[in-house]
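Per-chain numbering from 1; labels A, B, C and D assigned in written order.
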Amino acid sequence: MGNPAQIALDSARLRAEFPILAAPRPDGGALHYLDSAATSQKPQRVLDAMDAYYREANANVHRGVYHLAAEATDRFEAGRDAAARLVNHPREGTVFTKNATEAINLVAWAWGARELTAGDEVVVTMMEHHSNTVPWQLVAAMTGAVVRFCPVTPEGDIDMDALRGMIGPRTRMVAVVHVSNTLGTINPVGEIVAMAHAEGSLTLVDATQSVPHMPVDAASIGSDFIVFTGHKMCGPTGIGVLAAAPGHLRAMEPFLGGGEMISDVTTDGSTWNDIPWKFEAGTPPIAEAVGLGEAVRFLEDVGPDRIRAHEQEIARVMLDALDEVPGLTLYGPRDPQRRGASFSFALDGVHPHDIGQFLDSRGVCVRAGHHCTKPLMRALGVQSTARASAYLYTTADDVIALRDALVECRQWFGAA
Amino acid sequence: MGGLDDLYQQLILDHYRNRRGRGRLEGASASVHENNPVCGDECFLDILVEDGRLADIRADGDGCSISQAAASMLTEAARGRDLDDALALVEHFRLVMHGDAEPEEDLLGDAVALEGVARYPVRVKCALLSWLALRDCIAEYRETTAMGG
Amino acid sequence: MGNPAQIALDSARLRAEFPILAAPRPDGGALHYLDSAATSQKPQRVLDAMDAYYREANANVHRGVYHLAAEATDRFEAGRDAAARLVNHPREGTVFTKNATEAINLVAWAWGARELTAGDEVVVTMMEHHSNTVPWQLVAAMTGAVVRFCPVTPEGDIDMDALRGMIGPRTRMVAVVHVSNTLGTINPVGEIVAMAHAEGSLTLVDATQSVPHMPVDAASIGSDFIVFTGHKMCGPTGIGVLAAAPGHLRAMEPFLGGGEMISDVTTDGSTWNDIPWKFEAGTPPIAEAVGLGEAVRFLEDVGPDRIRAHEQEIARVMLDALDEVPGLTLYGPRDPQRRGASFSFALDGVHPHDIGQFLDSRGVCVRAGHHCTKPLMRALGVQSTARASAYLYTTADDVIALRDALVECRQWFGAA
Amino acid sequence: MGGLDDLYQQLILDHYRNRRGRGRLEGASASVHENNPVCGDECFLDILVEDGRLADIRADGDGCSISQAAASMLTEAARGRDLDDALALVEHFRLVMHGDAEPEEDLLGDAVALEGVARYPVRVKCALLSWLALRDCIAEYRETTAMGG
């Protein structure tokens, strides 16, 4: 089962900072939360930061001369500084959205709906989350552009040869996930960005599943656009980030129109505020930015490299444990070096929904479904999978509980 | 174990392992194909209408134990009923699943065992998939025959 | 000054529920928060509801079979029920957005960008917030439609005759604010909706400044679209509401694409989820919906009609108090029956920024600027105004502190 | 009163009430018009360049005491300087406003009294409006003369 002592983080101690994990469950057992790819749990200090904001400094930002408004603005913009710093990106290129999905739609609508024309191609992969597929389909339907899907190998990798063949002079955008939420695959996004740029295409990297789990350096990836989301990185719901090349943001027309994002409004037309605010219409997610800022400081205190090391160790433990379950098929890479913290699998004769339900009765939370990756499901030839996903607070105990419950589950449903 | 036994009654597991009324129907009077967006489960439903009655009904497609057992129980409970009866049956089952009616065993047959599902909102969709497919299938049948007549 | 005893609410007692108002200020004085039109303060129970969500039930919604996910979904959807109930609107027509601004953009993009064609007209008024102006300008620029501005009378009302003349066969959308955030004017939106419908136009009512302050009945207003925002109604930042006719939502193509809003995704295209989820792409503002639900319950407990009565009483006190300040010019209606809780004014010889700064030193928070209504500012012939705005926790004391500080302010700047 | 006296020094109120260098310049070498999106305040700035020096400079437009006083002080501090000097002056003032430099009275003249504004981030924009307008105006001047030459 691997030796928990080798694990790079003291996850048991870290768990104490997460009230939902520290509290005993109604049935007395521990909560084995293995669904962090869907959303992470939140440490107390993140909740405290938001609470303190509302109790001490709540006011609308950017426009008030009174001290409360200045304090609110400071705390809000400090959240932006933190988000930018975490991925090594300039703050003026760091736009707050409501989630990663909106960040991708922002690019699809503000750039794509205006710039794409009939016959232009947007290349995505078969393992994209729906949030990095549907926005491109929507603008393609409006503009006559075409969305092309790069296949995935049986091992769960992007077929790089196929991708090379797909990216050409008609390609205007290559949008690719950094770490697959379903398979756990870590994709060579730096290489893909270089490949796209060589053909004059823009790129978008969906870093939703990488930023929470490992050091991500936007500067070295070099993508035109990178997106991630607050609620999967110990932060609150209601906030996401678009890290874009400032030059693109300056050149692009706005997406959402309204308060905050304007410089002047007349009955004849309007002019825009400086970036990043040009892309933040209306009252922004203020408390959420404060919470995200604290989440970033928490991740920095723990150390993204140590989180990554911990999750590689958990991956080793997980792969061994899943091997011990009869009738289990794992999807995605087997090498802990090449994978993130999501593990999708099938259990012979038991439907994923039934796995999820059974495991829940043992205090183990896993997801069952298509994980918003239906094209990938079809490519794998399944309708759905069960998925266990780990994070910095995941312990070997959680993995053992999962293994034991899976073995029991198969017996319960009397699989042939 | 508690909740689990309650949800997965023996009768359900039995229908799951030995599905009744499974497959497709040659020369069906109407067919629908529905899916559950939450999990991707699919249901193909075919009906054969003769003299205003469901002379035959088949459900196909993969899914979890609840959706498979529900489809199996549906074919048993609905076969032979006239169309309005069948719709009333579906409506009763829908209400039971939403906790808005007490299950009537006379009507539901084995499907009464699904009662416990009502306490698991996400699974309610699984149980209802094939049943609501029957409702849509009857509507489909009526529309096409109305147009034909 | 009016008799505080006549006031319909016990605001002094209510203040105790708002930690930021209950806490003593650093300088020992009370906080006279008169900027609720920008954002409201939050009662402790709203903060507690969100905290409890994160500590007890945090999970991603709609897709999980485990009990935690079911609990999260229940609390989230209960927030929708509450928002729908407050304005008497069906829940399937109640869509969560990130703020009111996004709700308007949703309509502008999902409907307008696809349906408007050259020469079509969108009618707005000169007193609209930028959030109800700029989205229409953006889609007009893309489609060739024209945005027309209905003038405002010197008394601060919509010029209804002019409006009648403007709405005609080319009008596709009439978008109008219910209560002006700058002038406080309550507009006859029911009448305007009827006028627009008679010409076959759709309507959007920006109820951002009415829903927090008075009973608003969506059914009786009859507008195709109504929007409001969480943070101005005792709820959190990061959430807004679009209350739309369900039939329109069913007929419209989606706006943002991604997870949650799909029924099926294939490489050839996608199909959409049922409403309202069809318009909620990605992880929704879960904790925010929980907080908004609690804010609605709070408002229901206080009683929207009593809030309205209280604010009319405060308006009386306010109008008298402002009359006592030498050199003060009030913009907007003088009749408490016909106005909401926002009071914009100029002080002869003192710039609004300086008013705001000076008042802050006396513990009085007011806003100075254009209040995101630049076309209105031009129509009034000013660059900016100072604005004091009240809410259910505003007391006559706050108003007296405002008056006294204004008198002192004029002296300090040595106005001629 | 504390913070307030600190922000609104007597010298500031004096420049506010008696603005120097106000108005427009006939036959200006370059002009710009800028506004503060937060409050709508506007600044029209005109410069007259002779022998590479700011022979004259005028600022017009309405605004708060800080923006008006800053514009007034700017015209005094900048008049007569050569263009690079004037840009260095603006840059120094910008750094002071962002708390990144200690104010040098020799350079700033009366504008040293604006030091306290640095502690009021929203007001920093007011103070900088005319000063940054000068920077843009010099850039504008250089561009048009470069094109002309």
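In this text, a contact is a pair of C-beta atoms (placed from the backbone, for glycine too) under 8 Å apart; a residue touches a chain by one contact, two chains touch by 3 or more.
Nothing here was measured: the structure is a model prediction, and the numbers come from that model.
More C-beta pairs in contact connect the chains of C-D than those of the other pair, out of C-D and B-C.
Centroids built from CA atoms put subunit B at 37 Å from subunit A. Centre-to-centre separation of subunit B and subunit D, using mean CA positions: 77 Å.
The distance from the centre of subunit B to the centre of subunit C, each centre being the mean of the chain's C-alpha atoms, comes to 46 Å.
Shown for subunit B are the residues in touch with two or more other chains, namely 38, 120, 123.
Within subunit C, residues 63-65, 69, 262, 264, 353, 357, 368-369, 374 each touch two or more of the remaining chains.
Chain pairs that touch one another are A-B, A-C, A-D, B-C, C-D.
Interface of subunit C with subunit A (complex): residues 19-20, 23, 31, 33, 35, 38-39, 41-42, 47, 50-51, 54-56, 58-60, 63-69, 97-102, 104-105, 108-109, 113-114, 126, 129-138, 141-142, 147, 149, 229, 231, 236-240, 253-262, 264-267, 269-270, 281-288, 353, 356-357, 359-360, 365-369, 372, 374-375, 378. Across the complex, subunit D meets subunit A through its residues 35, 37-38, 120-123. Residue ranges of subunit A in contact with subunit D, taken from their complex: 62-65, 69-70, 73-74, 262-264, 273. Partner subunit A is touched in their complex by these residues of subunit B: 1-4, 7-8, 13, 16-17, 38-42, 62-68, 120, 123, 126. Of all residues in subunit C, only 351-354, 357-358, 361, 368-370, 374, 377, 383-384, 412-414 touch subunit D in the complex they form.
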